[in-house]
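To start, I am sharing the structure in question, which I have written as structure tokens.
Each chain carries a letter (A, B and C) given by its place in the written order, and its residues are counted from 1.
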Amino acid sequence: MTGFVSIDRSEVTATVTLANPERMNALDTTMWRELEKAFVELSADDRLRCVVLRGAGDKAFAAGADVGEFATMRSNREQALAYARVTHAALQAVANCVHPVVARIHGACVGGGLEIASMCDMRICGESSRFGIPIKRLGLVVSYHELKSLIALVGSAAALEILLEGRVFGAAEALAKGLVNRVVPDAEVEPEVGAAVSRIVEGAPLVARWHKRFVRRLADPVPVTDDEMDECYTCFDTEDFRIGYRAFLDKRKAAFTGR
Amino acid sequence: MTGFVSIDRSEVTATVTLANPERMNALDTTMWRELEKAFVELSADDRLRCVVLRGAGDKAFAAGADVGEFATMRSNREQALAYARVTHAALQAVANCVHPVVARIHGACVGGGLEIASMCDMRICGESSRFGIPIKRLGLVVSYHELKSLIALVGSAAALEILLEGRVFGAAEALAKGLVNRVVPDAEVEPEVGAAVSRIVEGAPLVARWHKRFVRRLADPVPVTDDEMDECYTCFDTEDFRIGYRAFLDKRKAAFTGR
Amino acid sequence: MTGFVSIDRSEVTATVTLANPERMNALDTTMWRELEKAFVELSADDRLRCVVLRGAGDKAFAAGADVGEFATMRSNREQALAYARVTHAALQAVANCVHPVVARIHGACVGGGLEIASMCDMRICGESSRFGIPIKRLGLVVSYHELKSLIALVGSAAALEILLEGRVFGAAEALAKGLVNRVVPDAEVEPEVGAAVSRIVEGAPLVARWHKRFVRRLADPVPVTDDEMDECYTCFDTEDFRIGYRAFLDKRKAAFTGR
């Protein structure tokens, strides 16, 4: 039995599940490709307002790349480069999804699993979750792309600590380091993710997409152009601004249309 | 009755107060312009060593831009651009003040109020303070300029969380996120700000200005030039270095002159 | 009696000790030069896997530059520039050491001592350690180079707070600010540093060096080139990858060779 990636749709949200339960949801090549495909597809769906990414079951978010494939698919530099193109495309698809993406984390979130979680916009985990990138045991390095995302979350010093020591550590330390936004008791991960998703989908959908894009844009040191600056005021010409403003004056919740 | 911005001067410090008590110190256009004017004026006053920025009363630092003005002054993209020039000039005046600026925060510090606080050099708040940028309810986005200051304080992940969820949260979370430097019991905000200001004004004034300017300079990814590097040693030719060094050897407090 | 810097070698680790016990291990010019020499030498030694940097005794890591030298060696701008070339070369030698460097911190870690610690890759301290850069009392500024390292650890806002207030603060605040990776009871600093070093030297040595270099490379806003990206996959052609992979499958610890 091999792993797979599934998509569950409701009206304005979707849940993507990484499933390879016998291997702590480790991703084989097929799963990396399905992960990319899922996020490219969901990103193009204009009706969506939020995507949740999770691991099947409650033992793991994902344990990283499937080590069983190393012998055949990553046994040398050339193979590793080809493999990295697949994993990189998947990670970029998660990062570039126009909708906010919330990682729902139970159990192990290590190696490539932590890299996937780092590409999401929010990370909520249970108290018994475990984190780490113990790649030094395998004699392997994290590539610049993935390292950049890790540093963006925890800073250079904590990123280096994680890589040099290679420890697997708990949720409290992950929170203190900035790896996750929020830690809750294991039983409350589901309701807390649900509450966060509700708060996100209640807001104006275009605003969420703009904010996600703007924050990611500012990670690039190239100065923002005047044209880009101008885009910050396009929201004043949307239907949702008129809806939001009227609802605010009436002291009721706005029902946004995404236009 | 409309809002206003007042300045209180003492010998080497000044307190700027945002006052619009009936609207949680929300800023209307007049107040934004007065805020800019106050900081341009204070920045030019060489006798000053520190500026405190606060809201009138203890219910709010500031609740942001006055929503009452939206209908007439921000009803579309063109108007919003003109309005943004006013608010942006005020925010830049706070950021560019040559003296250290300490935000003294009671109560609500949300939306544009939080943006103003983010431009200050230090933020000290009471335990019952509340923070957030719930702009997604209005269908509006934070512009790149203000977003950059927010990210500089809390990082990309927390900035995006604040904007996507739009929650209003408490002082402990603000501290954990890096939004504020220090949380104290409400009754101790005044003495704690006083103590911080004392520590600041006891130091060599030119040093404080250099440090403020250097830290802000390094937010720009353009490499520091040799000429800029050289400026780091100008302090050795100041009268205050000679005063400070002699006081250090004599184990007494230095009385700096600002020269 | 003058200060000195000593090196203690074991098989794959080295300990560098800053010793000037009568002056809280403050560094005079000789010590700055010896510090540079020690790290240049250790960096070139391919057998090493980790370096520990500490102060002699348990009263101080280091109290900064020796203030006794100010009158003769830093009394004006020209002298200060020459002196800065010496201290800067030492700080850079610590930062550029190819091996991971762990700062073992007891007691005072202030001024130049904190700058030295900031150049290390990890910082572990005891509960009674004290931190700060009270340079404003002397009428002096931190130069751009050192400021950059401080900001990389704690962010702009905390860096400015440290410099403007000039407070000397405890280990818990240092941890909250991100100045140190870990605080332990004073008696456990030695075993905890030992445990961290063990974890580091158990990993593949080339991987540790790559990770250190990659993390420092990303502090530079210049985009990573394709050639640099390619280097991320060189590890797949190392002997240590084959050793690490086999050990992983056999569920035993790998014995890396550094090739």
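Heads up, the rule we're going with is that a contact is a pair of C-beta atoms (placed from the backbone, for glycine too) under 8 Å apart; a residue touches a chain by one contact, two chains touch by 3 or more.
Keep in mind it's a predicted model, so treat the numbers as computed, not measured.
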item	value
Chain-level touch network, classified as line, ring, star, complete or other	complete
Rotation angle (°) superposing Cα atoms of chain A on chain C, nearest 5	120
Chain B-chain C separation of Cα centroids, rounded to whole Å	33
Shared interface positions of chain C, touching two or more other chains	221
Residue ranges of chain B in contact with chain C within the complex	100, 121-123, 152-153, 178, 181, 196, 199-200, 202-204, 206-208, 210-212, 214-219, 221, 224, 228-230, 232-238, 240-245, 247-249, 254, 256
Footprint of chain C on chain A - complex, ascending	67, 70-71, 74-77, 79-81, 84, 135-145, 147-148, 151, 155-161, 163-167, 221
